[in-house]
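The chains carry the letters A, B, C, D and E, assigned in the order they are written, with residues numbered from 1 in each.
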Amino acid sequence: MEFTSTVTEKKQVVPKKKYSPVREFWVNFKHQKTAFFASMFILLLIIIAIIGPSIAPYDPYKPDYDATLQGPSSEHILGTDEYGRDIFSRILVGTRITLSVSTSSVLLGAIVGTVLGIMSGYFGGWLDRIIMRSSDVMFAFPDLLLAIAIVAVLGPGLNNVIIAVSVFSVPSFARLVRGSTLEAKENTFVEAAKSMGAPHKRIMFKHIFPETVSSLIVFVTMRIGTAIIAASSLSFLGLGASPETPDWGAMLSMGRDYLGTASHVVMMPGIAIFLTVLAFNLVGDGLRDVLDPKTKNE
Amino acid sequence: MFQYILKRIIEMIPLLLVVSILTFLFIHMIPGDPARLVAGKDATLEDVNRVSIELGLDQPIWKQYVTFMGNLFKGDLGTSLKTGLPVSNMFADRFMPSIYLTLLSMGWALVIGLIIGTLSAVFKNKWPDHLGMVTAVSGISLPGFWLGLILIQIFSVQLGWFPTGGAEGWKSYVLPSITLGAGIMSMLARFTRSSLLETLKADFIRTGRAKGLKESSVLTKHALRNSLIPVVTIAGLQFGFLLGGSVVVETVFSFPGMGRLLIDSIAFRDYPVIQSALLLFSIEFILVNLIVDILYSTLNPKIQYE
Amino acid sequence: MRKANLWKMLFFALVCSVLLVGCSDENGGDSEKGQKGSDKEIVIAVNENFISMDPHNTGDTNSNSVQSAMLEGLLGFDSDGQITTVLAEDYSVSENALEYTFKLNQGIKFHDGEEFNAEAVKVNIERIMKDESLRLNSRGFNLITSVDILGDYEIKVTLKTPYSAMLTRFSVAKMLSPKLIKENSDDIPKSPVGTGPFKFVEWVQGDHLTVERYDDYWKKGERVKKITYKPVPENGSRIAMLKTGEASVIYPLPAQNLQELEGNKDIIVSKIPSTIARYVSINTMKEPFDDVRIRQAFNYAVDKNAYIKVVNSGFGLPLDSVIPSKTLYYVKQDVYEQNIEKAKELLKEAGFENGFTAEIWGNTNSDTMKGMQFIQQQLKEIGVTVEIKSMEEGTLSDEIFGAQTPEEAKLQMWYVSWSSYASDVTNATKPLFHSESIPPNSANTAYYKNTEVDSWMNEANSTGDATKQAELYEKIQSTIYKDAPWIFLGVDELLVGTRSDIEGIYVDPTGGINVSDANFK
Amino acid sequence: MSNKLLKVTGIRKSFEIPSGILGKKKILKAVNDVSFEIMEGQTFSLVGESGCGKSTTGRLVSRLLTPSEGEIWIDGEEISQKKESQLKKMRQKVQMIFQDPYASLNPRMKVRDIIAEPLLIHTKLSKLEQQRLVSEILKVVGLNESHADRYAHEFSGGQRQRIGIARALIMKPRLIIADEPVSALDVSIQSQILNLLKDLQSEYNITYLFISHDLSVVEHISDYIGVMYLGTIVESGPKDAIFSNPQHPYTKALLSSVPIPDPKLRKERIILKGDLPSPMNPPAGCPFHTRCPVSMEMCKTIVPKVTQVALDNHFVSCHLMSS
Amino acid sequence: MSEKLLQVEQLQTEFTKDKQKIRILHGVNFHINKGEVIGLVGESGCGKSLTSLSIMGLFKGTSGEITGGHIRFNGQDITSLNVNEMRKMRGKQIAMIFQEPMTSLNPVMKIGEQLMEPIRIHLNLNKKQAKEHAISMLKKVGIARPDEVINEYPHQLSGGMRQRVMIAMAMSCNPNLLIADEPTTALDVTIQAQILELMKQLQQQEDMSILLITHDLGIVAEMCDRVVVMYAGRVVEEANVFDLFEEPKHPYTRGLIGSVPKIGDKRDKLDSIKGNVPDPSDMPIGCKFAPRCTQVMPICLEAEPTSIMLENDRLCSCWLYDHERGEMHV
């Protein structure tokens, strides 16, 4: 057949650089300076999360009642808290808890939300209506009451904080994913799969889900920031992690009484939270520019 | 239009009924016995049981619900278990300040958010964009109570410009509304930016330029209005959240709002107050959605109400 | 509708919101608050919302404080928390502790012009007697069998059984205008009418409550024109208000912020020993806490002075008995001074050389969480690992009182505090240590059961003889202290911040704010 | 050759369209009493302007949609109301090719997996066997093995459409429903694909239901043609009959509207007035009467019946014919 | 008649992607006489739309820029105009209509408002006059109830109506040149026929020049006086419409015409051009069409042919017609 020549036509031209999707993403992402820098910061955080306990200069739990509320000094570079614990060590050790609580709660929320959202968008009809109306109710329902209920039923503790925070994010994820599902459903390749007789499960997870991934990733990074703040707000209301845990949010809320007298107790974890949330949001912004098909093309 | 609004309001009723049942079940499922809390720490079991009967808490839940709803239809929100005051009385003083605070926060967040977002989109990838986005993202990244406490330290204690709290006079609204609006402003700025960037790629923008329009009129007359549609959605959603009150901001600024009342009531398991407050929030939420829909139709002529 | 220009609408919305706020400004009254001069007002910032203005149904200190500006009882408390006469000129108790006779002051009028007399007292007492929903009803008043008017200004109250705290109750039960009770009882929780130095003006829920000088008050004196009470839950905000002068008095003054006020000549800080005992109750029926050595070891493990320094920012006294020092019949005990060696030895004797794991419960209050962490740190020294479970108040109370029998109880340790009137030693002991008070019945969360102590308490309650009571309470205190059903921590010292241009305001050991002589200097 | 592979009789499909946010639902009659049949190995084309219901008809036949009425017989089996679970056999026999080669291939799947997907769904073949079939089919459509491990977005439009065809071919279908398969392609590529489709037909005896708006393409590929207007077939018949002897005024106008790529043949066209009526609010009587240059009074009220024009299966629905 | 209205000379246009400049137009040359309809044909990606955007100076919001050559309009080099001067030119002297009448109109503005914008800017009319003018324009393009239509929104109109509105808008200031970029591609054939008819009619009425950009050779044959064929950012052939269809010179043009199915055409197989359009960032050396050409010669793979004037004022860029060098290498 004459078409075979299509293959040979490129012989005399320089081989074209066609990247795999992952590679292409990476190349584009590197151009996003701020986002790239922010993601390096997050990488640093992850490293700290892993090795934090071993590089911490002091035992983050060990009190020293003779050296409480000391300002930053050469001995304690970020000062000490109300029990004389080294704030720097606590922040280092707390990185793991803070990051894992926020990421796991967001991921949990994302998983549940995604499944609900895809089903809602894909099947439509009464299922859609039920899921969407319930998420409306969830939106209207004060987060805190939900948190209290969850913590009340499950008891306090980090795991339950994770559950509580993830429950908050389920409706948002469900909506987001439903939106992109409705969009993805319009793709002819979905129809093509249907015409081949592909089962619903395959269509939903093989064909539709990947279409939602890029907006999901963007949203996840942004939600992680929200989750850190949500978890710290729970601490503020005393519903968070066990109080001795060097979770940044808990440090922030326990330390707030000392804002006037020993402000470093609040400022240091506050700055840590701020920078981390900022970094996640910047990465999310960058990812959006790279991944979102709507803003991607020049 | 009027018919449409009426229809929407009628549609609210079954939804609210469902919400009321759900919330009623929900709040009764949370552990905690208001009778114990009413009776006091030093009360004996006997006292607690008596209080329980007195407050009608010994009744089956459905009966309590029927009583509550019955009173509600008579316009009676019930009596607070904690204070013994009519719930409507407790809401009266807090409702308007909450509304004002919400409007103010929303107002400035909308104006500044739109300005930052527009500038960022127009100067995409130039310094105003970077500056604007860092400002915006910072707004999201600051924990509310931290920002609030720092604002108090600077503007109340150090500079003495604004009171530390309360809800008397416009001055006392300044700091809480900044704290509350910061996150929303940021979100709106970001949405405005991306939405505007998208609109600026639309064909009709090119048409506008092909007509010989000035770039400024292309932006204001053609691009901005189109890009407001998604922004309105986000704004509406946030508005709904704000109306529910912000516990954190209300606590930091000792602001007499609905959020703190709700929290105090939750802590006390003050069922009638919680129930009424949740119902009120739901109504607000639905009304805000309605307003957003109407705003939609003014922004987007494609959507029509028949 | 579609014609409407969006920008116009947005602008309109903004203008509206500004206007609305502007209006609220006018409604909110004058903005000149906190200025000097006795015709101005004093602003008092407290840490929590007021719950109710019904004096017969109040359990919280702040509501009591506000009420005390407007209402007075037959009896009252002096600045040390001991009972004095107020509306009653004199009183007597029969020997069998069943009959209480009051002679009333004359010429006193309620704010609404009603006269204060025996009839008015009877209306008040009968209200409490009959209405079971009132908090005071279950606290003594349901024991009343009759209220007899002996004269226009003399009245006798008879009890079914002796109740040693009855005098304290009469001090708490403030008198309301009989007209209010009879005609507008719904208004009682909102706007009470009494005989006090100030009368009710307005209560904006969640924001403030204002009272105004009652010019016909029966005790003459110079007083400020107006007092406004504001609930300001955030510590930092309260202290900021004091500094900026927005508040003339703040209570409680957060101890950790005291340093901020150092060298500030405009602010006077006063320190009052309180009747608030801080302790950890230990479930004495649960292994291994049923061994007194373990409990004593815990007590030896804790450094009370460090506790006061770290948790209470240096303000407080060690709890050196089962009741605070201001409480009636208090007797100082031998304090368990911190002695890690001894504690470890006790543990070893009890068979826990290598320590064990225990759970401590508490509410979500930041002070509680601080205290629990401290206990955790201290017990770690003797090898006991403490897990902190902070629970939201309602849940916590369900967890504790949900257990119908001691066997069901999951509670091991509870970080908590107790406060009673200085004059009310019964309330400071019976609900906490009497075996009848074991949950769910009442607050004996140590599940402390000592038949001897039970009988001493019963005896003390049924006698009107003060010497006898003092004797019994001495035995009760020393026995319980040795049994160590608690980790005895400290007694709070209350801190009040006052602007230096204010006089005549003091806080009593229970935390009540007395303003009857409040004025600008 | 005389085996009827597809027979469609009287199918109808309506959609409910919510209008506005709360308006009353409107009924869109997308397909309104459509009947036709295709002999095995032949090409039947549905041609018409946007909104005429040709694509809906295609999707009804492929049972992506369920008809409200009517029968669809494929290879002797009636499938119009069968449930998805009962359609497995039919799905193997009938494959689709779509208009947009960009959207119809999952951008996140390798070409290999795209083509093998029907095998994965319908067969229990081993990975190896699947891959062998894929390589085979790639050659058939003019691609080669090295293309299999790339992603669809790395290909040009024509190549993508080849991938789409390969996917349709792999199950060795009897019927291919091609919905505007070349309208998104450049002319030079369009001819490649049309030629390929023709070659495949003669090689594998495939039957096509070809859907297009482009009369010149349709003329080139079809054996039989059905001209659709507002949900109904107004004229149908063998290609030559339709093109050389069009009877329905709409067919005539349509033919006349097509610009001929030859400046010497510039001619007076029949320019229809107005726009297509909304299918949500179709005119009474003959659906075409609002734009028909020769409409009569009766056309406004009476729906014309189908009449046979000549012996060779040429049918027209027009009052001009029946009178 | 042969007065040159627009001359495009050696036009080069580039885009920047990932900091790399990609040249899309490589020295495009052609001209338009007054009152002439020129067809610019080629497949997607050949640079025909970009040529029109270059003429209009519509690069705002893209990274495109003109990096070489001149565009003379009435003798004036418009590539040297500043932003403001160019803006005043757009819509007044050169107007443009686009492919998608749906998205080319602002969905949230009334037709009247959008129509009045260029009128008010360029003709200095007051609101009332502008409105009258707008209504008259709508009448001119055959819209039945112009008074109502000006108060309607784009979505309330059909595709054909919208394109009429676009034409009315473009024609409202009496431009000398109308650039129509695939004006009927999104429309149905019967509507397309209406619009083409309208354009023809208006062109004759106003004696306006039209640059008609299309991929549809049928439309070209129907509408144009002269045809410019583009391939890979270059003009490969230019000729009178009759000559071009009669005897296409460039192998590409020939392939293009051969691959279009014609009604009444009895060929069983269509001609086709093998392969695909090359990627602009990855162009072959020599003649860009060489890899797909059926008559490729060795020189084609080495050097790019230049434009050669043939009989009847035709131009063609192909080595086949360069009798000196072309034959040397055969």
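Going forward, a contact is a pair of C-beta atoms (placed from the backbone, for glycine too) under 8 Å apart; a residue touches a chain by one contact, two chains touch by 3 or more.
Computed from a predicted model, the values in this text were never measured in an experiment.
Considering every other chain in turn, the ones in contact with both chain B and chain C prove to be A. Graph distance from chain B to chain E, where chains that touch are one step apart, equals 1.
Using the mean of the Cα atoms as each chain's centre, the chain most removed from chain E is C.
When chain pairs are compared by contacting C-beta pairs, B-C ranks highest.
Distance between chain centres (mean CA atoms), chain A to chain D: 47 Å.
The distance from the centre of chain A to the centre of chain C, with each centre set as the mean of the Cα atoms, comes to 44 Å. For this pair, chain B with chain D, the centres built from the Cα atoms lie 52 Å apart. Residue positions of chain C touching 2 or more other chains, listed in rising order: 236, 240, 392, 394-395. Multi-chain contact residues of chain D (touching two or more other chains): 158-159, 192.
Counting partner chains per residue, chain A shows two or more touched chains at residues 2-3, 6, 148, 152, 237, 253, 256, 259-260. For chain B in complex with chain A, the residues that touch the partner chain are 15, 18-19, 22-23, 26-27, 29-32, 130, 133-134, 137-138, 140-146, 149-150, 153, 157, 190, 194, 197-198, 237, 240-241, 244-245, 247-248, 259, 262-263, 266, 274, 278, 281-282, 285-286.
The residues of chain E lying in touch with chain D in their complex are 43-44, 158-161, 188-194, 196-197, 215-222, 224, 241-242, 245-246, 255-265, 267-274, 276-277. In the complex of the two chains, the chain B residues touching chain C come out as 1, 30-34, 36-48, 50-51, 54-55, 82-85, 89-94, 96-97, 99-100, 103-104, 106-107, 110-111, 149, 152-153, 156-157, 160, 163-170, 173, 225, 228, 251-254, 256-257, 260-261, 264, 266-269, 294-295, 297-299, 301. Contacts from chain E toward chain B in the complex involve residues 56, 58, 60-61, 87-92, 95-96, 98, 100, 103-109, 117-118, 121-122, 153, 155, 166, 169.
Here chain D touches chain E in the complex through residues 49-50, 156, 158-159, 186-192, 194-195, 198, 213, 215-217, 219-220, 243, 253-266, 269, 271-272, 275-276, 291, going by the rule given at the top.
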